[in-house]
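Same chain, two partners: chain A is paired with chain B first, then with chain C.
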Partner chain A sequence: MTSIIQITLKGIFRDRVFQGIMALAVLFLFIPSAASLSMRQVVETSITLSLSLISFILLLLSVFLGATSLWKDMERRYTFSVISLPVSRSSYLLGRFFGLALFLVITAAVLAVAALLAIKFAVLMYPPDRPVLWGALVLALLFATLKYILLVGVALLLSTVSTSFFLPIFGTICAFLASGITQQVYEYVHMPASANAVSPFLKSAATVLYYLLPNLAGFDLNVNAIYGIQPNPNGLMITLGYFLAYTSILLGAAALLFDRREMQ
Partner chain B sequence: MTKRAPLALLMVGLVSYSLLISPFASYMRNKPIAEKLGYVPSIKVLKPLSADHKEFVGASLVLKVTMYFGGLIGKMQNGRLSEPADLQGMSRLLHQAVRLDPYNMDCYYFAQSFLTWDAGQIEVANEMLKYGMQYRSWDWYLPFFAGFNHAFFLKDYPKAAEYYRKAGDLSGMDLHIKLAGRYLQESGQTELAIGYLKGMVRTANNPAIRKSYQIRLQAFQEARRIEVARDLFAAQHGAPPATVEQLVHAGLLDPKPSDPYGGAFYLEATGKVSTTSKFAFATGKK
Partner chain C sequence: MYAVEIRGLSKSYKTKKLRTVEALKGLSLDIEQGEVFGFLGPNGAGKSTTIKCLMGLIRPTAGAASILGCDIASPQARRQVGYLPENPAFYDYLSAEEYLRFVGKMFDMSPEDAARRVQEVLNLLELWEPRKRLIRTYSKGMVQRLGLAQVLIHDPEVYILDEPMSGLDPLGRALVKEIILDLKKRRKCVFFSTHITDDVEKVCDRVAVINKGDLLAVDRVENILERGVEGYDVTAASADGQVQELFVHKEELPSFLKQTLDQKLAIEKIEPRRKNMEAFFLELVAR
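Right after this comes the complex of A and B.
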């Protein structure tokens, strides 16, 4: 599996994806000056812009790399040569996943350094009323990375059942958007006040979707990082456990489906 | 397609672009300010679409409003705005912004600056501040603003004292504690406004906002000058003056007071100093 991880990483670097990200990272240089447009919270706005930029880059990477990785291999018939080697399909799939996850971690780490420098500069230029919680900032970046690794799992799962890249790409984007609001929808349909407004069928459907779709809202620690609010350690541990459990389910299901997939 | 066709297409594109870019930029620059504020979808749509960029979208909405307001202030001449400000639109956008990011201080700060004096929506401003206090529980500015609104606009002194006490507890600053005590009784309305506005001018880093506070401060300083002259007149003549002109003729007001909002100062029957501008911007359109 290690060789598949290496091949995956090499392939991404060969496609000059990292250079593209570095070109986007130039935007970090402009963050302190863009944030100075804020009236009362320049540092907070710097953190907001930095986290949003990193999150956006990671989203693009997870959707496009995750959704096209398997599809591209099958389209170019690379998978045939790989599965003729003494490597199981599951190992191949997991190798691809861990390769992509490792690339996300490397990218997030490099972007995090750029973001921390931009924020530090903003802190020196515009001392904030409340001190920046650097630990919360690093945690927010870490959990954002985990979130997008989970999304890569969703993209790979959809890739195993799809013959084109449309379903993985659009399915992953839809899952990402839905995953941010499932919690709100679930809480709304279970409120006593909405008992008359929501039909029992809709309530059941919302409940099923709540448990079925990933709940990525828990990984969002932006408010904690931006406004210096200490995150709940127990909540973080539970979220970490959720990440491991949900990713295992995604990878297990993807491996099972990929094992049974007919390749022509 | 011939080999020269792509080159020809590129050249046509470049020539067209260079011809069009100048009028296009001018059209965009001169777009009506109201159009610049534009349409923003309902919060019910915006929130799910913002995904994990809610804070970013919230900050963008605030920036949109401040840019719009800055444009209005920039075009202001002699205390008159070139067109009426879309206060309702500004309020709507700021309310959406706090729903996306209830911690965003820029929202509360800016809402406090225009919802009170310009829009006269004191209750709306206070509701927004109360909402913010649930989240920004460490921030003394929000109760400080609420205390000022209750004292100055609503004349609800016990409530003002309560908010100033809260601001004092959070900031540990003597000023707020003193204000809390002071607002248990009515006194020094103009002085309070001057003190408040001086603080706001000092801490404002947005040029448009600072300018708007400076103009208001100037107006209240002029009102305070008239109050001092009025009291002096009453002490000298044994009766209060009926008009501001009386004070000017008596040599107690030199130079003649001028309202930076373009209004005219007058004395109410109770002796209170007022202005026809109501300390707010007038618009150029009739």
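Right after this comes the complex of A and C.
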């Protein structure tokens, strides 16, 4: 599997899509000056902009690389030469996943260094009223990375059943958009006040989707990082457990489906 | 133990209009170690379907197969196999050297062994010079030769080649035939599909003909060629030195020879005139 991970990393680093997306990182240079336009809360704005930029870059990478990695292998018939080697399909799929995950971790680490430098610069130029919690900042970046690794799992699962890139790309984008609101929708339909407004069918459908779709709200620690609030350790552990369980289920289902897929 | 053993292998597909297409109908074949076996058939006959089943790329609807005694469902069955897909494609963001090292690793070769073999096979297939170029810059023929290189790298016991001469120029084709003959000398099993009868005639020990998923015939190439003898082209000279060229039917040869003795004709040359593999193939497929 390590060979597949290495090949995956090499493929991404030589991919023009990656190079194009990473060019966005140049925007970090403008964060301190852009944040200074806010006049007050320059540091908070720097943190917000940095986290948002990292999040945006990781989202683009996880959607485009996650959704096209496996699909491209099948579309270009690379799978014929690789799956016919003495490797099981699940090892191949997991190799792809861990390669993409490792790549996201490396990218997030590089971007995190750039972000921390930009924030440090803002702190030196405009000392904030509240001290910056660097640990919370790192945690926010770590959980954002986990969120996008989980999204890669969604993209790979969709790739195993799709013959085109539409389903993996747009399906992953839809899952990402839905994942941010499922918690609110679930809480809304289960409120006593909405008992008359929401039909039982809609309530059941919302409940099914709540459990089926990923819930990524817990991975968002941006508010803690921006306002220097210590995250709740129990909440972090639950999110971590959720990440492990949900990703394992995604990969298990993807391996099962990919194993049954015919390479025509 | 057979190198490749196929028992009642069938494969059917559902089309988009939900019609069932039987691509392979109960194929059974045994291929010995040390044998070069040609799998001949027109386009769409079921050759690639058989090979894809053997390599675990598609699941057979019925039947079983094993390679060196190992069931094809297990990835272990592919450990002693070198497989060349039809119109092969390899990670085009890698160079030939990087790709071959990757294949070597997948077969658990040590880095030293892999490096040595990479050099050997790249030299053999005349890819040493462009070894550091990305595969995406290669011509079709170069990709095909790289396909053969990745087949040879771990020196397996069984070679399964889907249309190995496709996309190659005459020099490349000659090289591939030479490689197959060398593998034969080294008692390796080569199972290759083709629709070019000449390739079979030149390198194969046995041949199977398949059409529309049905196995039509399996025989030794020499038997087919022998059975295909229609008669003999004879060059004979009379006592006064006059040279005659005659065609003698197969069954008339003994009486002809007796006649030449009586007439004191000197036979200078007798050459069998035979149907070639192509005629045999066309006859079978047209039935």
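FYI, the second predicted complex is superposed on the first by the 256 of 264 C-alpha atoms of A that agree within 3 Å, B and C clash if a C-alpha of one lies under 4 Å from a C-alpha of the other, contacts with A are read in each partner's own complex, and residues count from 1 in each chain.
Here is the rule we go by: contacts are C-beta pairs under 8 Å (C-beta built on N, C-alpha and C of every residue); 3 or more make two chains touch, one makes a residue touch a chain.
All figures in this text were calculated on a predicted structure; none of them were measured in a lab.
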**Item:** Fit or clash - chain C, chain B, common chain A
**Value:** fit
**Item:** Angle at chain A between chain B and chain C, C-alpha centres, nearest 10 degrees
**Value:** 150
**chain B or chain C, by number of chain A residues touched** = B
**Message:** For A:E262 in the superposed arrangement: first (chain B), second (chain C), both or neither?
**Reply:** second
**Prompt:** Taking the superposition as given, does A:V87 touch the first partner, chain B, the second, chain C, both, or neither?
**Reply:** second
**Prompt:** Which of the two partners, first being chain B and second being chain C, lies in contact with A:V223: first, second, both, or neither?
**Reply:** first
**Prompt:** After lining up the shared chain so the two structures overlap, which partner does A:L137 touch, if you call chain B first and chain C second: first, second, both or neither?
**Reply:** neither
**Message:** With both complexes superposed on chain A, which partner does A:G11 reach: first (chain B), second (chain C), both or neither?
**Reply:** second
**Request:** Look across chain B and chain C in the superposition and give the shortest C-alpha distance you find, in Å.
**Result:** 25
**Prompt:** Of the residues on chain A, which ones does chain B touch that chain C also touches?
**Reply:** none
**Request:** Flag every residue of chain B that touches chain A in the complex, lowest number first.
**Result:** 47-49, 51-56, 59, 62-63, 66, 101, 103-106, 109-110, 136, 138-139, 141, 203-206, 209
**Prompt:** How about chain A: which of its residues touch chain B in the complex?
**Reply:** 36-42, 44-45, 48-49, 51-52, 55-56, 129-130, 144, 147, 176-177, 180-181, 216, 219-220, 222-223, 226-227
**Complete:** chain C contacts chain A in the complex at 52, 55-59, 75-76, 78-79, 81, 83, 85, 87-94, 98, 102-103, 105-107, 147, 150
**Fill in**
Within their complex, chain A touches chain C through residues 3, 6-7, 10-11, 14-15, 76-81, 83-88, 260, 262-264
